[in-house]
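Here the chain labels run A, B, C and D in written order, and each chain numbers its own residues starting at 1.
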Amino acid sequence: MSFQNPVFIPGPTNIPESLRKACDMPTIDHRSPLFGQILHPAREGVRKVLQSESAEIFIFPSTGTGGWETALSNTLSSGDTVLAARNGMFSHRWIDMCQRQRLRVEIVETPWGEGLPADRYAEILAADKHHRIKAVLATHNETATGVRSDIAAVRHALDAAGHPALLFVDGVSSIGSMDFRFDEWGVDCAVTGSQKGFMLPPGLAIVGFSEKAMEATKIAMLPRTFFDVHDMAKGYANNAYPYTPAVGLMNGLNEACRMLLDEGLENVFARHHRIAEGVRCAVRAWGLNLCAASPDIYSDTVSAIRTPKGFNATDIVSHAAQTYGVAFGTGLGEVAGKVFRIGHLGSLTDVMMLSGLATAEMCMADLGLDITLGSGVAAAQEFYRATPALSRKVAAE
Amino acid sequence: MSFQNPVFIPGPTNIPESLRKACDMPTIDHRSPLFGQILHPAREGVRKVLQSESAEIFIFPSTGTGGWETALSNTLSSGDTVLAARNGMFSHRWIDMCQRQRLRVEIVETPWGEGLPADRYAEILAADKHHRIKAVLATHNETATGVRSDIAAVRHALDAAGHPALLFVDGVSSIGSMDFRFDEWGVDCAVTGSQKGFMLPPGLAIVGFSEKAMEATKIAMLPRTFFDVHDMAKGYANNAYPYTPAVGLMNGLNEACRMLLDEGLENVFARHHRIAEGVRCAVRAWGLNLCAASPDIYSDTVSAIRTPKGFNATDIVSHAAQTYGVAFGTGLGEVAGKVFRIGHLGSLTDVMMLSGLATAEMCMADLGLDITLGSGVAAAQEFYRATPALSRKVAAE
Amino acid sequence: MSFQNPVFIPGPTNIPESLRKACDMPTIDHRSPLFGQILHPAREGVRKVLQSESAEIFIFPSTGTGGWETALSNTLSSGDTVLAARNGMFSHRWIDMCQRQRLRVEIVETPWGEGLPADRYAEILAADKHHRIKAVLATHNETATGVRSDIAAVRHALDAAGHPALLFVDGVSSIGSMDFRFDEWGVDCAVTGSQKGFMLPPGLAIVGFSEKAMEATKIAMLPRTFFDVHDMAKGYANNAYPYTPAVGLMNGLNEACRMLLDEGLENVFARHHRIAEGVRCAVRAWGLNLCAASPDIYSDTVSAIRTPKGFNATDIVSHAAQTYGVAFGTGLGEVAGKVFRIGHLGSLTDVMMLSGLATAEMCMADLGLDITLGSGVAAAQEFYRATPALSRKVAAE
Amino acid sequence: MSFQNPVFIPGPTNIPESLRKACDMPTIDHRSPLFGQILHPAREGVRKVLQSESAEIFIFPSTGTGGWETALSNTLSSGDTVLAARNGMFSHRWIDMCQRQRLRVEIVETPWGEGLPADRYAEILAADKHHRIKAVLATHNETATGVRSDIAAVRHALDAAGHPALLFVDGVSSIGSMDFRFDEWGVDCAVTGSQKGFMLPPGLAIVGFSEKAMEATKIAMLPRTFFDVHDMAKGYANNAYPYTPAVGLMNGLNEACRMLLDEGLENVFARHHRIAEGVRCAVRAWGLNLCAASPDIYSDTVSAIRTPKGFNATDIVSHAAQTYGVAFGTGLGEVAGKVFRIGHLGSLTDVMMLSGLATAEMCMADLGLDITLGSGVAAAQEFYRATPALSRKVAAE
């Protein structure tokens, strides 16, 4: 692995220079007013990135997994039922967490590579006359398969059934990179981390709660202390924190939001889409297929690429690391060995992406796959050249 | 607040230059072998700092509070009884967490300023013939009062009673600064964070489990996912992590352990003691008293200083921040307004400490206390000059 | 020496966090427009710090010594006469440079500890009917003795004599810290470096030329290439540089000027004066004297403190470094062993200064001088407490 | 320009993470022993990089241009004759400097794109019976044309003629990247800067003097102060410096030498050669030619690539900067508009280089050149894949 090459994993992403510096702070007294000058703008920034007017934003020294636990433990009680689809490793893990927290999970098994089955959700919700289901879980972007699901459709399913369940969305690998509409989609809990769309080092769970979710906290009985949003909210009201905050990372988060909002969320999403399209052009040129079943669910932050039968896709990842000092992602769970993943989110340029594609080509050729060197690069070059200059310029800085 | 002045809060501490740089890392692939080269030495370093041969070390992207939750949720079940003394804000909060986790807490109320009542523990444990008590909680260093308790005495109480309860020690503000003997004291769970004796930014919960504690995890029923040590252990065995690790902080932790062990733990403890003694010389010269009831329990990491009746000690802290750009700690809970606190742990020199004492003097004089300017500084200078050159040199770098 | 303690040398100074970060830049193409966005604002900022409307500012990858050479080699010819007083090590070295450049130097020997003898300059200039003297050299602040000279008086001497000689001012240890009026004083060449009032690492010579000095360059015959201001000016006109610029330092310079101008030059000067006054209060409390002969010439950036006869003042400096990890300045040249120096310029707070004074006290006591511990600290504390809050706040950040 | 993309200019190069951090130092007292611990190892490291046992190494806060001036002004006197070939912009500038220093230059005009004409040197030296020529100037690597000259042949010419002239070599863009043999080639003055093979920010002139060159300094009459090697040597002997050193950069230089020597100079040279060969494969695939006339003089640090007649090569550089945020080098002087340059020295991996080649392809295609996208990339990929793994691994970290 080389510190000089970009990483192409689906997070943590490459960190922009300015965010490295924002995080690298000398110690301040987190009980002084200085801390409030970091805390409040960071929360406000996150709220805007979520495209919400009113979400309560909580920031924990933790990770996205801690964010999931925050959502569950603050709103639910032992024995409550939640509805979830399993279509990849991260939805799988969230379901596992529910079960450990003594929740009943109504699982909709879904082929890996497909999106959330909003129609099945609709049926189940409609059938749940007694509103046994307290929450619906939705993984916006399955990082394991490179699949983006339609959260608006899940909301529609809830609304169509007149069902009061909370809507929890795992936006770990989408928020800050792909269009995420907390208010419009009626999301009740949104979860992400610092190390994806916010382009920061890992270490923060970032969670948004709707008013309805905040109401639910009042009757939720799951035990919680570290992840208690009431303690957090009480702290915030006093410019403080229930324990020691990760000040440097929060300073970075504040700056990251500023960067994203200065660029404009539309531009940020367009930039991710454009970079991702270049990758997909390359995949086509290589004659390979994505794990994602159809274009409408292609993820703009990660592509999981199927390799030919009999070939161990994980070898590409090992070889890239050992021989070229470049990091890609392996396949996980059901698709282990069948796919390798190219992360293309966060702080990335066309130029960096082309070096990742060029490396993937060399690896595949080295390992005996029938790949024409330069073919994927050329396809991506062609695409990048043709895209409007404006978004490209924005991407360059 | 000025970035140029040292902080004198009881953590986070001032961060040495080399640790700032160790933490400020470009992104690496945490699923690559590189991560193992950080993870394993960091865990081994922590084990040595705990003076343990065999403790299982777990490192979470969290804080000391998360470390507490790790200890409880991995070893206990709902309804279990724990024994704890309340002698300050941090022991209070840990007790509160136990209660939220549906544990029964046998609380020994203890005056703030006193150490853990090992004799009361002994009586209670002896009386607990049915071993209803599953764990004994002990706050090694009460950060709120500047009181160090005798953990060996607590162990002795357990042993004298032949009691099998687990011994949990909160070493958040002692580990890495004051003598902490995991093995010799028979500690079962030790808890700390990155931002105290390890001199790093906040963001890590660092926990050590004994073999006995690991056994207890097998029957413990409290729900846990983020803080599950089994997931952690399984990850470690594969050079991996159950979710995204805070790689930069862990790299810093590795380096911090190297620094502490290179200096020699004896020297580290002696250095903290020496700096602390200088502060106590100043307090005496000012004619003030420590919150800690007697010299045998004085903390070497933080001094809580009582101010005269009728005077709001918190004013010193506000005034220091606003007028001189210096951070001290306020009194918390029962001693709010009655004490102010000077943190003297981590990365600190005599010279830095003298500037803190000089600032405290100015603040007290500004606020009308009868303090002779320079008096505390002179007392500390006298002490620092007289201490052996060796430890001083070590301290200087 | 400890990285944690401030330095108290008369430059390089302590570097503010934000300037460390501004200097630590990734490589950019210095032939791209980005460079102009650093170069031009940096030059404009320096001009304002010089309190000039029209000075041509040149920035070389060099030091103050290179700045002296720039002034001489661009405006004079072999055999030309310059007038200079020697009242310290730095004026001595400049004279030495003139002689190496084959200039004739009319030297006014002046006791070390006194300011430039403007009256003697006046006499000599008045007597120089044939205007043999082409330039008058003036060291604004003699760093070796802590003496500030009256540049306005030198200008007055020139004007009174109707003498056309150029006025060269070494402002290395004054510019950006003490009042320096390029235009009002009719300075023709002003010289400084990055590592003093600008609070940056060393590595830049910063030079201002008047229109008259620019005229002189046209006939000056001393050889020059690296330090040629015409090459520099030609480069600047094209957003470029005659060779590879020290981009990071220039970015830092740009930011440093912004910091100084945001604070307000009046406030910057007042802050330096206040910090310096505290030091002088301490010196008086110690019963010692400054090298500077009288209060009207006390330097606000460095104090040279005379120690008792028979005592080697350099021992204080060695002892402070070895025993306390603190850097002071030794005496140089004629006053070697007779004085030690405390630098008090740049990025410094009251609180930091007090730690320097406390260290000096310990050293003097350790070495057997009859110093009451805390006495100088108390005197400085008294002074700092009494000074207006506004400038103090500004100083704090 | 994007901070995220590598630069492909022929210096300053991309800076490795570890060197960024080594340069970014808090202030130390450069008159304390700490400085010696940086100075001496840095000089020793440079000596080894020069492959010399005995060269005196001088390090100035300056640039390569200042290094040239150091060589000339310390060894020569006004009116002395030097022999120099002009085969590019940098040899041209050095000649210009000689003339400004009042030296006579016997210029051998040489086509840009060709190497130094050692045979012409041989003739001229043989004819110079009276040893009027005091020094022979040789630009080892013409950065403007991407041409490496044969310094051993120049030495041979001197020896064959039994000529005592000093041999000055500009190794600015070769030392630390390409084989440079100070002792074996009998170099008398070698000149470089920090920002090329040493991979540091600009700001240091690094110069090696042979014993013979040191002898010459005793009679040399050109004026010098800032660049005086005697002052430097006297300082070094006392762990000191004649003025304020650029401590951070020197600390970085020390670390840079350690990196290069740890990798092994042979490996460093092989790595540069390999990266360069990949670039040359791409150029061939594009159907373009190098400015360098023949393979034996191809530079391993920079390639100047001729574009078709009628096409302005500078457009590629502007377009790359504006559209893709990537920096290449323009043609200079005689070849302005006719070539664009790709720098491939310093901290660079195969993967980074491929992104540079991909960008060049896009630019050329965008500007209407008949370039097949991916063609150069594929040629370089093929070459990089085929090269031995060992050197590739070394290169990766």
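Annotations for the structure displayed:
The criterion applied here is as follows: a contact is a pair of C-beta atoms (placed from the backbone, for glycine too) under 8 Å apart; a residue touches a chain by one contact, two chains touch by 3 or more.
Quantities reported herein were computed from a predicted structural model and do not represent experimental measurements.
Interface matching across B-D, A-C or B-C places the copy of A-D, with more than half of contact pairs shared by residue number, at B-C.
When chain centres are set by their Cα atoms, the one at the greatest distance from chain D is B.
Averaged C-alpha coordinates put the centre of chain B at 46 Å from the centre of chain C. With each centre defined as the average position of its C-alpha atoms, the distance from chain A to chain B rounds to 35 Å. Those residues of chain A in touch with two or more other chains are numbered 1, 3, 14, 17, 24, 26.
Chain B makes touch with chain A in their complex at residues 1, 3, 7, 9, 11-15, 20, 23-34, 61-66, 68-69, 78, 96-97, 100-102, 193, 195, 201-203, 222-228, 242-249, 321, 327, 329-330.
Within the complex, the chain A residues that touch chain D are 1-6, 14, 16-18, 322-326, 347-352, 354-356, 358-359, 361-362, 365-366, 372-375, 377-379, 381-382, 384-385, 389, 392-393, 396-397. For chain B in complex with chain D, the touching residues are 17, 21, 24, 26.
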